[in-house]
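Chains here go by letter, A, B, C, D, E and F, matching the order in which they are written, and residues are numbered from 1 within each.
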Amino acid sequence: MSDPVILFFILGVIAGLSRSDLKIPGVLYESLSIFLLLAIGLKGGVALAQNNPGELVAPIVVVTLTAMVVPILAFLIASYGGRYGRADAGALAAHYGSVSVVTFAVASSYLTRLSVPFEGFMSVFLVILEIPGLLIGVALARWSAGNTRWAALMHEIVTGKSIVLLVGGLIIGYVSGEAGLSSITPVFFTLFKGLLAIFLLEMGLVTAGRIADLKKSGAFLITFGVVMPLISASIGIVTASLIDLSVGGATLLATLFASASYIAAPAAIRMAVPEANPSLSIGASLGITFPFNITIGIPLYYAASQWLLGASI
Amino acid sequence: MTSRLSVRKLITVICESCLEETITTAAKEIGASGYTVSDARGSGAHGLRDGSWPENANIRIEILCDEVIATRILDLILDTYYSHYTLVTFVTDVGVLRPEKFQHRAPSHER
Amino acid sequence: MSDPVILFFILGVIAGLSRSDLKIPGVLYESLSIFLLLAIGLKGGVALAQNNPGELVAPIVVVTLTAMVVPILAFLIASYGGRYGRADAGALAAHYGSVSVVTFAVASSYLTRLSVPFEGFMSVFLVILEIPGLLIGVALARWSAGNTRWAALMHEIVTGKSIVLLVGGLIIGYVSGEAGLSSITPVFFTLFKGLLAIFLLEMGLVTAGRIADLKKSGAFLITFGVVMPLISASIGIVTASLIDLSVGGATLLATLFASASYIAAPAAIRMAVPEANPSLSIGASLGITFPFNITIGIPLYYAASQWLLGASI
Amino acid sequence: MTSRLSVRKLITVICESCLEETITTAAKEIGASGYTVSDARGSGAHGLRDGSWPENANIRIEILCDEVIATRILDLILDTYYSHYTLVTFVTDVGVLRPEKFQHRAPSHER
Amino acid sequence: MTSRLSVRKLITVICESCLEETITTAAKEIGASGYTVSDARGSGAHGLRDGSWPENANIRIEILCDEVIATRILDLILDTYYSHYTLVTFVTDVGVLRPEKFQHRAPSHER
Amino acid sequence: MSDPVILFFILGVIAGLSRSDLKIPGVLYESLSIFLLLAIGLKGGVALAQNNPGELVAPIVVVTLTAMVVPILAFLIASYGGRYGRADAGALAAHYGSVSVVTFAVASSYLTRLSVPFEGFMSVFLVILEIPGLLIGVALARWSAGNTRWAALMHEIVTGKSIVLLVGGLIIGYVSGEAGLSSITPVFFTLFKGLLAIFLLEMGLVTAGRIADLKKSGAFLITFGVVMPLISASIGIVTASLIDLSVGGATLLATLFASASYIAAPAAIRMAVPEANPSLSIGASLGITFPFNITIGIPLYYAASQWLLGASI
């Protein structure tokens, strides 16, 4: 029986495709995404408080380095395989090099359902992986253009709402600890999955609206949207084994690598690489990779992690 | 009535919402005394933008100004934004009560 | 002591009548109605999973047939009693032939408070009764007009957000079962009554705004708004005894029959019968019948159900 | 400035929000290249529409087009909507930078 | 097309949102047949008003009327609001289909 | 370790000052403030139901009288110390004479964290103190102007949304009692602190936006924003000892006296004293006094209450 949050996503897709008048108000979408980002940050911060953050330095370095391979691969595949120009290939690289918070949330919901434990500090990786892939994508897109305002771009990404809320949540969670947060956990922890369900309903509606875009974009992009996460997930699992994550942690890391951003990246790319066609990268990341990951990808990454790392536990 | 009113230009820009800060900041730098923004949705050459999520929302920017500044704003939009962004612009003649409010400050630019 | 959710409704009416600047943002109204529809669907789905859906076929047929009497009666009363034209009488028939989800929610809250059990599958009737009455109303209104675009109308009603969310919730609840939903029940079940209270506060404000309309409409409409639900509720209770519902189930079925739509019907009628004056049917259904049902009607239908069916339990 | 701008028509329709899809679809079928919608509230002959709930909300539709299409849109509104719906329409002359964007495509209709 | 359209005045007032009820009520008392309001944000002489909280939000009021009423509304705004409130007003000539809808009822005021 | 809700406020301030694109939608702000006002009212009503309301008459009279000193002092200080004109001094008096609901919520959250008990009926004082200070401020501002429409002003204040929701909540809570409310407490009581945290995040953003205003206003206003609450809090603690409140109750009363309105007062003053410059009074109350109270003030008032009243318990 599948996770009910996925059923909400499917309901949204069906409603969108059947041209229902169901609409999730934009403000509800924004409010829920503020909630999800804060909640994930807080949860990670509480977990971090139970660990020694110093021990995370080496894993963070390893993960950051291997994660940089993803946008470069994505750029090469899009340039040579898809014959996209520098701007579009760079935009795709930025989207696939960054991560999707909601995909991460669905994966941790999946593991919790199966009672598979995972390292609480995984959301630290979520924060850390959000930025470098994005920057590499922009760098690749603007290689020779030369007039990129890097300072403004860095400021925009670092003060972007997803980073602010995730990092803010992490710090508040870390400083307060589990006991300190107890008065606010009924909102941030207990309601998490129910509100994620409503968010996924909306994501389903949005995804349905992207399918028209995809028809225009053709077969390469659809293939890219499925193959790219499989490649990235493999890199993620290998990385997980390098830094000795549990099977659950490896599943989450694979999911992070496999996921493509559709919140931070579109906004940043629109400003930094305006000549890129947004319907290509958003269409692939939201129309193909997101649904692929949450329905097929995550169970696959879990199975692969079990197969590769399971014995060692 | 018309005797009390001075003619000024109202520039209306309908564009993707991610341009809000860039365009309004640029308009003020160019000399506009202010601007007004409201949320919108729509459809055009770039397809349906129904505001169902932030990347997909439009805004409607209105700038009241004199002809000198209007020209500069139109130039800016033509040069910087028209090629890559979802953008529609139109200019209306309107009557205002306090014309000095919507006039470029540097005397050299007065009509 | 009355149910606190009703007190929120009364607070809203008083605030509205005293011209308070209290306003519930439209987006909050929409968000809450999405929540309520999903929650009712999910609850029904869970109940359905504990039954044999096959056993519901006969009751559904019976209920659908007797429910068709309601819009026809409403049309005749409005035409001959109220001397309304075909369009307005048909619009009233459509509103009273369909059902009100919030009235249903208040009735089940009422029964839960009194610890009166009821059949969990009642929300299946809620879904099924939403459509036929509406269609009959439109048919009556457009009898001779001939240019009704029935296919478009059917599509609009069937893909309307209330049907999509109710049916979607039912299916997700049915597929997941109580255990499967456990991670999202803190949102959809635990918060239900509190959020219903806020929704009713807003309904009170809206109702207060309709009272001006009613003054213009005169005595017939006010009488209609009280008498019509009494007639429909009687048909509902008789139907309940035909299909052997418990006292609680009979109360809910009577409430469903008695309730008048003010979400799905107004939207559909506005498109299908534009010549009908919306302030008549919305004024009656929202300004009279809704407050009547939730304050006086429900306890009355409960008493009548007890009196008629109580002995048999 | 005026030399660069071509005159087009801006049709503004203020109506009950349930007409959003019908009117925008019809406008596109008639030949409009796009439209912009924003939420509104208001008051008029049909009483107060304060947007406190969906049945009670207005929208503001703007359509930029040439005169041929403007005429067709006004005809449509007069024939189909004026009798039964809450609706206000007005037409403004505006200057646009890229006139071809707001012109009916079929050459027979060009002015 | 223009033959069918009559010229009326469209008054647009951009102001702080706390004035919504005062100004719309006053406009109706003065003889306007209706008004339309939408939410807005903006910047001007009084600084940034980004709508981040209620005290900080703007609205955009549109009133379609004949010249007599337009004059009265402008007078009202000049006399009562300009000195103390955040407020911008402009007047546009627009064409309407049903001019009688936007005309003061008392015959003495007809043009 | 500080209360996590305060950390959310600080996060908001930092995000605002670093020009993050984080924005809390205006509708979420409005929805949360409706929730907070209702919840505080309900909580007070439940507490009231456990007391004899008759016993509150004398304390209410005392508190109302001593509270009137606050706006008069504020007016004198602003006029003579700050050399503000009648309008601006009156506006400041109105803001500081009235109270801030969120400051009150933070203070009760602070006491609950420390397990310091307080009288449940404190929220009755919250309601009662909202109005007189405001009226005195307006009276002082318009002393000689003479054309104030007092009836309209009274109507606006009394039917203002904060009074309607607080009083409505109080009555519903009082009528229903703790048992009667049990079905809606998961929303109104359990979620309180978590939603307060999100509200404070937004307050932080708004506060950051006010800091520019303050730079223009100069040193007097900043001093006023810190000294005025200290003076008012002292009056509050003395009053608390007159009416025999517990240490917790005294802390809350001191906080109420010290707090400055930024919801009811700005709206009322804008209409009644339009010639006052809103950025002065909002800047002081929101930019200085609010952050001062929730971070430094409340612990201070608690310490002072302990020192003065602690022995008597």
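Rule of thumb we're sticking to: a residue touches a chain if its C-beta (ideal position, glycine included) is under 8 Å from a C-beta of that chain, and two chains touch if they have at least 3 such contacts.
Remember, predicted model here, so these are calculated numbers, not experimental data.
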Using the touch definition from the top, list the chains contacting both chain D and chain F. C, E
Remove chain A in your head; which chains still hang together? one piece
Count how many hops through touching chains it takes, at the least, to reach chain E starting from chain C. 2
Larger contact count among E-F and D-E belongs to D-E
Copies chain C, chain F: same or different interface, half of numbers shared as the threshold? different
Could you give the separation in Å between the centres of chain C and chain D, each centre being the mean of its C-alpha atoms? 36
Cα centroid separation between chain B and chain C, in whole Å? 47
Chain centre separation in whole Å, for chain D relative to chain B (CA means): 20
Residues of chain C engaged with two or more neighbouring chains: 23-24, 27, 30, 191, 267
For chain B, write out the residues touching at least two other chains, lowest number first. 38-39, 92
Once the touch criterion is applied, which pairs of chains come out as touching? A-B, A-C, A-F, B-D, B-E, C-D, C-F, D-E, E-F
Touching chain B in the complex, chain E uses residues 9, 12, 14, 38-45, 58, 60, 67, 70-71, 74, 77-78, 82, 88-92
Any idea which chain F residues touch chain A in the complex? 1, 4-5, 7-8, 11, 14-15, 18-25, 27-28, 109, 112-113, 190-191, 193-195, 197-198, 201
Show me the residue ranges of chain E that touch chain D in the complex, using the header's touch definition. 1, 4-5, 8, 10, 24, 28, 33-39, 62, 64, 92-98, 101
Using the touch definition up top, name the residues of chain D that touch chain C in the complex. 16, 18, 22, 47-48, 50-57, 83-85
Quick one: which bits of chain F touch chain E in the complex? Just the residue numbers, please. 23-24, 26, 29-30, 202, 205-206, 209, 212-213, 262, 266-267, 270-271, 274-275, 278-279, 282
